[in-house]
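Consider the two complexes below, in which subunit A is the common component and subunit B and subunit C are the respective partners.
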Partner chain A sequence: MRLADLPLLTTLAWRNLWRHTRRTAVMVFALALGVWSMVTLASLVRGSMEQQITKEILNLTGHAQIHARAYPDDPAVAHRFRPAPALDQALRQSPIGAWSARVRVPAVVSSERESAGVMLVGIDPAGERGLSFIPQAVTAGRYLDSPDDPGLLLGRKLAEQLETALGRRVVLMSQDAGDQIADRGFRVVGIFDADPQAMETGYVFIGRGIAQRMLKIGAEVSEIAVMTPDRKRPQAAVAGLRAAAGDLDVAPWTEVQPLLVLTEKINNVVLLIWFAVVFAAMAFGLVNTLLMAVFERTREFGLFQALGMPPRYILGQVLIESLMLLVVGLVLGNAAAWATVASLKGGIDLSAFAEGLEMVGVSPVIYPALAGSDMAAANIIVMTLGVLASLYPAWRASRYVPVEAITRV
Partner chain B sequence: MPPKTKALYLTLAALALILPARAAAQDAATIVKTAIDYWRDVSSYSVVDMTIHRPDWKRTMTIRVWTRGQKESLVRVSAPPKDAGNATLLLDNDMWSFSPKINRVIKIPSSMMNQGWMGSDFSNNDLAKADDLIEQYTHKLLRTETHEGRKVYVIESTPLETAPVVWGREVVKVRDDWIILEHAFYDQQDALVKKLVTSEIRPMGGKTVAARERMQRADKPGEWTEVVTREVQFGIDVPASIFTLANLRNPREQR
Partner chain C sequence: MEHTVICRNVSKIYRQDAVSVQALTDINLEIPRLDFVCLSGPSGSGKSTLLNLIGGLDKPTSGEITVDGARVDLLDKGALAKLRLHRLGFVFQSYNLIPVLTARENVEFVMQLQGVRAVERSEKARDILKEVGLDGLEDRRPGELSGGQQQRVAVARAIVSQPSLVLADEPTANLDSKTAENLMQLLRHMNREHGVTFIFSTHDRLVMDFSRRLITLHDGRIVDDRKRE
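Entry: the complex of A and B
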């Protein structure tokens, strides 16, 4: 095919397309709808996944965690460690962002009327800024001001269950380093809200220094949580920490929360299946429309050939026609998807189903996130496979025998 | 008057104002401590009937109790046969229980310290931390009353800020012969939660003792636990070997 003939074929294809305005419009609409659904659904899934991961990381996970070897299997006070100077130095260097050491052991919190099993978390209040949700989560009372703050932060739901309130005292009981009962009274200085609610009922926060004294563990801690510059690539930072951590266990969030990684993988597969289903429906419509168009124009194609147009030009003409359909459909579909996502910037409020959603870890408000990679994937899939699918009608068109084609009634 | 002397007089005047108040606080603490010491003695052995009453049932257990000093106690159930042999050992704040049916000694974990002891209205904490009243509270003499012609001190005990105590305050009534007549537990909004009341005082084992005491929850009138002391001896020789895990499992105590 000579390049100079391309404008001719393009003109022919474009005019043919609008010979049946309604048919073409329906096809374009179908294509646009398909692409719109692909991109919008992908952005919903991505948005909700992104939120879930961000939330989980802020819910005391961080990008990486350092523990004593046995701690992940048995989070008891016995499995504690003292950060070696080398590790301390490694933590102070880039690429480590925020980091903080915590005491984290099971405990029992009791009020006058009820008691509940919780995870006692001794924190350095300043270190948790930019690392976990807790500095922002205190909605009544105040946040702790130092590791030696004698106060306690209690979740709203747990305060309700214990029938206690801000300003009253509760008792924490746990096991100390010598396996004796360690207990101490604390005044509730802050009430925090958290999502999911299990965070509110499952955790109480006290100053780290107070926790260390209560458990008689000196300056030792249960875990160090670390933020790295890039959530998606914590490997470099983790490798650096591993080298400095000696016998300790350094795990990136993907190992601490394997379920999240699995969920992300499942989401990818679900999206791919959705893309395939939508495309299959679209492809049948496209092939059918083109076949019809080709069949209608049997005599025309015969005439073209009789006048000396080579079969590959006819093939090219039909392919260009399909390409035009696809491009128009894709542009409209992407524009519609972009508009949809932009109009949902404020989030989709599903709080009516909040309880059920919380069970699977999805927050009640979903903020769609338009991901470039998903958009590109949807467009490339539709484009390539669309052109491939139209090869068959195009090939049919180019295979007519001119005499038979012209004489056909 | 030279300024130095004036300052001295002022200090003395201030001291005169403060001292009686401090002395009163000291008094209240001493009264509580004396009452607890009187109740525990240096050592004791007692046989007690414990009745657990609920709206639709009621049962009585006979238990035997050995104590030595403030920190060591052993409790063993002797009747009814179904429960006989169940035992609890208390060493300071730690608690172990033994059940002959499973032949196991179990350390009571901190998570169970708030639960009722053997289904009664006394929590494990009530037993394990009875002497906390001396160390973890500040005491104030509220007023005095009379009971059967004797003077009764009404003392308000407020837990220290960091005390492992959930109560807002406790009110203890101690008669001048060191019998604890009443021990009321108030929550932090000053509502009564439960109350231990002595209803019978008898001479036993050479002393006057509270022979019948009832623990009653304020919000559940039909639920209470009553302990009746049938027999008690004080200041006897209780060997240290009684308060060991080995003895908890294999009883070697006499009587």
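Entry: the complex of A and C
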């Protein structure tokens, strides 16, 4: 096909679309609707997923964690470590962002009335800023002010269960480095809220220095949590830490929370299926519309051939028609999706169904996230497959035997 | 080239399922350059079939057809398209024009496919439309033109790129007699002034009278072939 003839084919295609304004409008609307639904749903799923991951990461996971080898399988006081100077050095270099060392061992917390099994987490209160949820989570009382703060932070739900309250005393009991029972009384200086609620009932926070003394472990810790510049690409940071960590175990969040990764994969599959279903419906409509347009122009295509237009030009003309429908539909659909997502920036409140959602870890307010890659995928799928599907009507149009097409009055 | 069209023992049989129709039987014909030939005969006598075969829109069942030196019965689709584009012009009974293009664009259409430059194209289109008497109507679409005007556009398009041969299948069938006469005068004018061979068909006596040679078909055979004037 000569490039110079493209304007002619484009003119023919464009004007033919205007011949049936309503049909064209319906088709464009259907395409736009399809793309809109693809992109909008993707942004909802993406947004919800993003929130879920962000929450998990803030819920003490971080982007990567460093432990003694045996700790992940048995998080006991015995499996502790002291960061070697090399590791300390590595932690202070880019691409590491925030990081903090924690003591993290199982313990029992008791009030005058009740006791409960929990994770005791000894933190450096300043180090947790930008790393985990806890600095922001204290809703009554105060946050800890140093690793040697003698106070204790208790989850709201656990406080209820223990029938205790802010300002009251509780006792923590655990195993120390010498396998002896270690216990110590604390004043509840802060009550924190967390999501999911298991965080409220499963964790108590105290100063790291206090924890180290109580457990008689000197300056040793259970874990170091680390933030990297990009949670999607923790590999470089992890590799650097691994090189410096010697015998320690350095795991990116994807290994710490494999379920999250799986959820993300399932979401991708769900989206792809949705894309396929919507596309199938759109392709069906598109092919039918084009076939209709081709059949009613039988005589015209015959005339084209009688005048010496090569069949591939006729094929090209129908494809251009389809391309125009697709482009206009895609532009409108993307714009509508973008507008929808923008208007939902404040989040969609699904708290009416919150109970069910919370069980599967989805928060009741979803903030849609428009991912460029999803938008690109939706557009590329619709565009490529749309053109492919149009090949059939286009081929039909180019195949008419001219004499029959013209003489059929 | 002595002859524009040569037919040798041309037969055409249409086969549809079990039924077969012998549309043309043993046609032998030579049409010299610049001739103005009328194919006449009753409906179903094979006029359209013969014109379609000459124009390479259909293949004969047997026999040879030479148009402007090319064996159209042997050419493949691509070569036929080229031949039609560069050396033949067509005028059909109706639905001659591309509905979404204006009169001028319809005339330019063929030139555009031929690769004629835009400036030359629009100049030629303007001149030929003036010549067929459509001055001022260039930007109308076929739907906004009368039947006679549409046929004039078709003639303009057929003639504009100087083909060797124009085939016109009952070009006046849908026109009243006055308009038909005007159109025939236009065809004859084109034949003389532009040096183009014409073959047209009709079963209208008034139209036949314009021809210089009148060939009569009956049941797919040539039953009469005479020079006029």
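Please note the rule applied: the second predicted complex is superposed on the first by the 408 of 409 C-alpha atoms of A that agree within 3 Å, B and C clash if a C-alpha of one lies under 4 Å from a C-alpha of the other, contacts with A are read in each partner's own complex, and residues count from 1 in each chain.
Keep this in mind: a residue touches a chain if its C-beta (ideal position, glycine included) is under 8 Å from a C-beta of that chain, and two chains touch if they have at least 3 such contacts.
If you're wondering where the values come from, they're calculated on a predicted model, not measured in any experiment.
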item: Partner chain(s) touched by A:Leu8 [first = subunit B, second = subunit C, both, neither]; value: second
item: Touching partner for A:Asp145 - first (subunit B), second (subunit C), both, neither; value: neither
item: Contacts of A:Val170 with subunit B and subunit C, given as first, second, both or neither; value: first
item: Contacts of A:Leu303 with subunit B and subunit C, given as first, second, both or neither; value: second
item: Touched partner set for A:Arg187, first subunit B, second subunit C, both or neither; value: first
item: Residues of subunit A at both interfaces, subunit B in one complex, subunit C in the other; value: none
item: Of all residues in subunit A, those that touch subunit C in their complex; value: 2, 4-5, 8, 11-12, 15-16, 19, 299-300, 303-311, 313, 401-403, 406-407, 409
item: Partner subunit B, residues of subunit A touching it in the complex; value: 107-108, 110-113, 115, 117, 150, 164, 168-175, 180-187
item: Subunit A-touching residues of subunit C, taken from the complex the two chains share; value: 48, 52, 55, 57-58, 77-78, 81-86, 88, 90, 92-96, 98-101, 105, 109-110, 112-113, 115, 157
item: List of subunit B residues in touch with subunit A within their complex; value: 93-94, 109-111, 113-114, 159-168, 185, 187-189, 193
